[in-house]
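Take a look at the structures listed below.
Next, two complexes with chain A in common: one pairs it with chain B, the other with chain C.
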Partner chain A sequence: MNQFTFTGKQKTFTFSLMFVGLLTALICLFMKGDGLRFWSNFLHNTVFFVGISFISLFILCAKSLAYSGWQTVFKRVWEAMSLFMPIGVIFLLIITLGIKMGWHDLYHWADADSVAHDKLLQAKSPFLNFTNYFLFTLIVGGYWIFTMYAYRRLSLREDNNAGLYSFNKIKALAGVFLFAGGYLACIMIWLWVMSIDAHWYSTMFAWYSAASWLVSTIAFTVLMMIYLQGKGYFPKFTDEHMHDLGKYLFGFSIFWTYLWFSQFMLIWYANIGEETTYFKLRIDEYPVLFYGNLVINFLLPFFVLMRNSTKRKHGTMIFVAIFVFFGHWMDYFQMIKPGVVETEHHLAHAAHDDHGSDTKHLDDAHKDEHKKEDAHKDDHAGDGHDDTHGDGHGDAHEESLRWGFGMPGYIEFGMFAGFLGLFLFVFFTGLGRASLTPENDIYLDESYHHHA
Partner chain B sequence: MKGKHKDILFGLYNDETELLDAVHTAHEDGLEIMDVYTPFPVHGLDEAMGLSESRLHIAGFVYGMLGIMTAFGFMTWVFTRDWPIIFGGKPYWSVPAFIPISFELTVLFSAVGMVVTFYVICGLGPGVKNPILHDRITDDKFCVAFETDGLAKDKIDGYRSFFSKTGASEVFEKNI
Partner chain C sequence: MGHGIFVAPTRKPLVTGSKSYHDITEDICSPAEKAPSVAWVIGMLVSLGLVAFGGACLLITIWVGIGSWNLNRTIGWGWDITNFVWWIGIGHAGTLISAILLLFRQKWRTGVNRAAEAMTIFAVICAALFPGIHMGRIWLAFFIFPYPNTRGPLWVNFNSPLLWDVFAISTYFTVSLLFWYTGLVPDFATLRDRAKGMRKRIYSFLSFGWTGSAKHWQRHEYLSLVLAGLATPLVLSVHTIVSFDFATSVIPGWHTTIFPPYFVAGAIFSGFAMVQTLMIVSRKVMNLQDYITITHIEAMNKIILLTGTIVGCAYLTELFIAWYSGYIYEQFAFMNRAMGPYWWSYFGMMLCNVITPQLFWIKKIRRSIFWTFFLSIVVNIGMWFERFVIIATTLARDYLPSSWSYYWPSIIEIGVYLFTFGLFFTLYLIFSRVAPVVAIAEVKHILKYNGDQYLAKNREDYEAKTGVKVVLDEDKVTDDPNYEVDDQIDANDLDENN
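Here is the complex of A and B:
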């Protein structure tokens, strides 16, 4: 079985997932009228899945430049995963359009009034502005898509033309992409995700979120390989390959933890107000998300996958891969949602101020507000009272219980299912378009004889 | 190896595929290999020889746990009981600050502990004399060795025919 067939059953399954996603999105938008929840879910899932396809391409490029051979037997799986990229970039352009048209308030820096009253946002405005967001998404996304299609075309060309033409061309393509695509990905993640907490910045953020993508990509690969093998495809994919994928899952989980901790530790130690806001918000208001993140994404894969033998047991690998995949989806959830809620508060507060009497908060309005607010919070922590400073800003203590923001509700899972269905649909379609083994790849024989 | 001399029959192979095939053949023929010597680690040799998985990494885990507990316990004792100092306005018992050092000691303990354990298991150490079967085993030859102490001649001939069958380039007899 060298040719994957996208069966009717699989189509029904992916379409029903997409239907669930569409349904929950519509419920969210029209029955609940919660635009913020819809758009933050949309951004969250798009970034998560576009990242998986980006990392698939990145691994393929790294593989070809490093003359690494063992993955060749299943490299078509990564190629098929990278095919989601155009759809993801289109979705991101829709979000970009949403900024312009005012469909959503995901980004604090996109609100002209806030910027006018906020020194920090003004200072950042040369980078954080609509033009940049749009152009970077368009050009960098376009460059990713170009590389993805070029890689795919060369890889498919090789099936009919033996020789080193594709090998050398891919090497050149990969050399540029690892450098340019990799560095530009940092800018993209700053714009797409980090700028949600517009006052905050972290130099570790791009690494950290890319590691999150990396682990989810490997987890998804593990799940797909086990599924496809169960269907009788990839007979040459052995436990040796699974063992090495398990090592990737284990190693990159630790890599993720290392970056997570480095980011946290530096900010905690330096204790600079602009930097600590991010963690203070998450630790105080979303402790389940914050600590649960570490349990699922570090402790679980670390202890389960530590032994050699567990990486060869398909049951264990499925268990860990599902948890870790979901865990990194939750990781993105906790990167995005608390910031979105915070922005909502800021905007509500600003609106309230405008209604209020005068212009006394012009310059450092927000800074002062912050100070006052923090003082308030501390008081409450002391006497256990709930907040009394109301006015749309309030109920901070209840954020962790707010469905869709503090905890994913059925709408989040539904939209996740929708995106997963779309991703699987693109994946299966792409897998069916080419033979599963790249017959003329010079590393194929090495890959068959791989020994972990 | 403690002073006891043994007769050993060994053959040298030119590359690791020949060696692996030979080890597989020996396994099928029911010949008991004393040991295999190679200039570098050969993938798949452990399984071919039917060796059980090394337990060295379990020792490594234990040493690692010991390291993390030593580091964490020591810092906890110093900063809460023995000599509490405030650094940068942080509490005395600041767990995030302890993690890098705990990590370092975990690595140090498990690495050093595993090396020492390995030496002890293998009987290596200062002043140990290691009899060498053939110089080129450490260079470019792959060796399969059989113990022939007090064996009948037809058994030894069986080993010799095994070497010629599997394509050993040279066969030697040695008492070490």
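Here is the complex of A and C:
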């Protein structure tokens, strides 16, 4: 079976998922009237799945320049995964439009009143503004999409044309993309995700988030390969290939942990209030997200996949891949939601008290040179809570009990299902549009005889 | 298909000259069995000269104390720590080649792994010297080890990244040494089997009674894999902890979260540059062009390009986030780097690490011996500048303008740096005389898949089957001007050797 058929049953399944997503989105918007919850979910899922398609393309390009051959037997799967990119970028443009139209308050820097009273946001406004957000999303997204289609076209061209034309052209395309696409991805992550915690910054953040995308991509690949093999496709995809995907899942999970640890440890050790606020908030108010992140994304793959044999057992791989895929979805959840809630507090606070405590506080903080003993209690004040609001935080984990923000509720899972359905629909459609085996790929023979 | 080997026709040979197994043994063993060449003797004399001069400076440092250096109250870390970080970074290429590339099954590693691993060990020795003498009282150096002692409650500071350095680097050194030696055992046995008299006795001892039985090979492979597994996190951890020496502080320009991965990338970057410098000379002097081919050099240049680009990404990220943070001290630190008293080192760093390595996008340059050698030196200079920028520039302008200062090394500090060069090259030259510089057994292992005679047959089969013409760079393609430079250099090499 060299041609994938997108069966009616599969279509029904993906449409059901999409229907669930739509339904929960509508419930969220109209029955609950919780726009913030809807928009933050929308951003969360969009960024997550755009990342997976971006990384799929990135891996393909990296493999081309590295003369890697073993993946050839299933490289069409990564191609199909990258096809979600245009839809993802359109969704991001909708979010951008939402900033302009005031549909949502995801970004603190987009609120003119806040900026007027906040020196830091003013200082950042040359970067954090609507025009930049829009232009970067449009142009960089457009460039990614262009590369994705160009890669796909060259790859498909090869099926009917033996020779090295595509092989060489893809190398040129990949060289530019790894460089430009990679650098620009940092900027996109800063804009899309890091700027939600508009006051906070970390040089590691872009690499950390990209590592999270990377692990999700590998986990999704593992799941799809096992599923497709179960349906009789990819007979030449052997345990050797699965073993190498398992190594990727294992290795990149550790890499993600390494970046997580480096970022956390350096901020914890230096104990500078402006930086610790990010983790302080997550540890105090979202402990399940904070610690769960490490358990699912580090401990689980580390211990389960350490042995060689587990990387060859499909059952174990499914188990780990599902957890890790979900775990990194949760990682993005904890990157996005707490910041959104903080912004909500800021805006609510500013609405009934307009003295601009942010500005005052930050000036003080600089004058005081971050007195360590103050850093702890300043954290919440630094984010614009006054004392009356801060009292609320005395109770344990107030935010973690708020469904949709502290913990994903049925709406979050529903919308995740919707996005997954859409992603799968695009994936299966793309998979069915071409031969599953790139017959003329120069590395095919190597890939068939791969030994891990 | 049907011809027994499954290698893509575009793969370039990693062993050229239609070598047989016996040829490989002869070619690689012979430098260790002949009288040293003139080039070797001159190299050794120069290295020993550096050791002598630098050794005197080292003794003065120990006798007089750190006062013989130009460090001052503001700039407490100068050339010493710069050199320490630089040498540690150099070492990383060896570990990456031996461990990570082994796990990734990269066959080109076999041509360069032995020398790169040796380089790692010598570089770590050079690096360890600097914190040792910087303590001022080197006879108390054992205080850095945590053990129950008679000094009362005086323990090492477990909270200090400097102590973590002690653990990280000593572990790194131990594992690298074991890895290197494990690979050497079968090759020492080869030398033993060819030697006579005293040499035979020595190699016999060094090769641990290796017989080449299946059981020996099985255990050898297993141990290599275990050590590779142990060494892989070490590649990351050592320079991560070196970066912690700076990043755990609250010094603007030092405290930034991207430091660990960016230091690791920088270390691999400089390490590969040093491997190139050494390999380009070694392959020529020892006549190993068939084992360390242009393809090996190109592969390493690609890693230099990759890691250089990652380092560039980190520089730009730091610069941008310094502005973005809105934190004036951080902003000042970066303004000061580019426009302060040490502006020249910042621009040297940017030029050598970010801009010039990008030349490797050009295939002609990537496959040119001259350019590779030149750029490998440039990268090593650039990476030295990077550490100097981070250390001296930042310290020179601290929070208190009244203590701002400038620093320039004394002749003694320069001498100590030269000492490490002398030591490094002396050790490398000795190594090149007593051990096979290329891993004999490992090259033999890949011959059937990557030898040019087998690949040529493979390519012909493919061309016959598909009708596609595959043109490799090694073929002298006259109508392509891109390959002219390469061809000339290769031809020159051959002429001189004949």
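Keep in mind that, in the parts below, the second predicted complex is superposed on the first by the 408 of 452 C-alpha atoms of A that agree within 3 Å, B and C clash if a C-alpha of one lies under 4 Å from a C-alpha of the other, contacts with A are read in each partner's own complex, and residues count from 1 in each chain.
We adopt the following convention: contacts are C-beta pairs under 8 Å (C-beta built on N, C-alpha and C of every residue); 3 or more make two chains touch, one makes a residue touch a chain.
Everything numeric here is computed off the predicted structure, so don't read it as measured data.
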item	value
Overlay on chain A: chain C relative to chain B, clash or fit	clash
Of chain B and chain C, the chain that contacts the larger number of chain A residues	C
First, second, both or neither for A:Lys119, with chain B first and chain C second	second
Partner chain(s) touched by A:Ala162 [first = chain B, second = chain C, both, neither]	second
First (chain B), second (chain C), both or neither touched by A:Ser82	neither
Chain B versus chain C as contact partner of A:Tyr269, first or second or both or neither	both
Listed stretches 204-212, 276-284, 330-338 or 474-482 of chain C, narrowed to the one that overlaps chain B	204-212
On chain A, positions contacted by chain B and by chain C	265, 269, 271
Chain B-touching residues of chain A, taken from the complex the two chains share	261, 264-265, 268-269, 271, 306, 308-309, 451
Of chain B, residues touching chain A in the complex	43-44, 53, 57, 61, 88-90, 96-97, 99-100
Touch list for chain C against partner chain A, complex	1, 6-11, 103, 233, 236, 240, 244, 247-250, 255-261, 302, 309, 313-314, 316-318, 321, 324-328, 361, 466-468, 470
Contact footprint of chain C on chain A as seen in their complex	65-67, 69, 119-120, 123-124, 127, 162-164, 167, 175, 179, 182-183, 186, 190, 201-207, 247, 254, 258-259, 262-263, 265-267, 269-272, 274, 366, 370, 440, 442-443, 445-446, 448-449
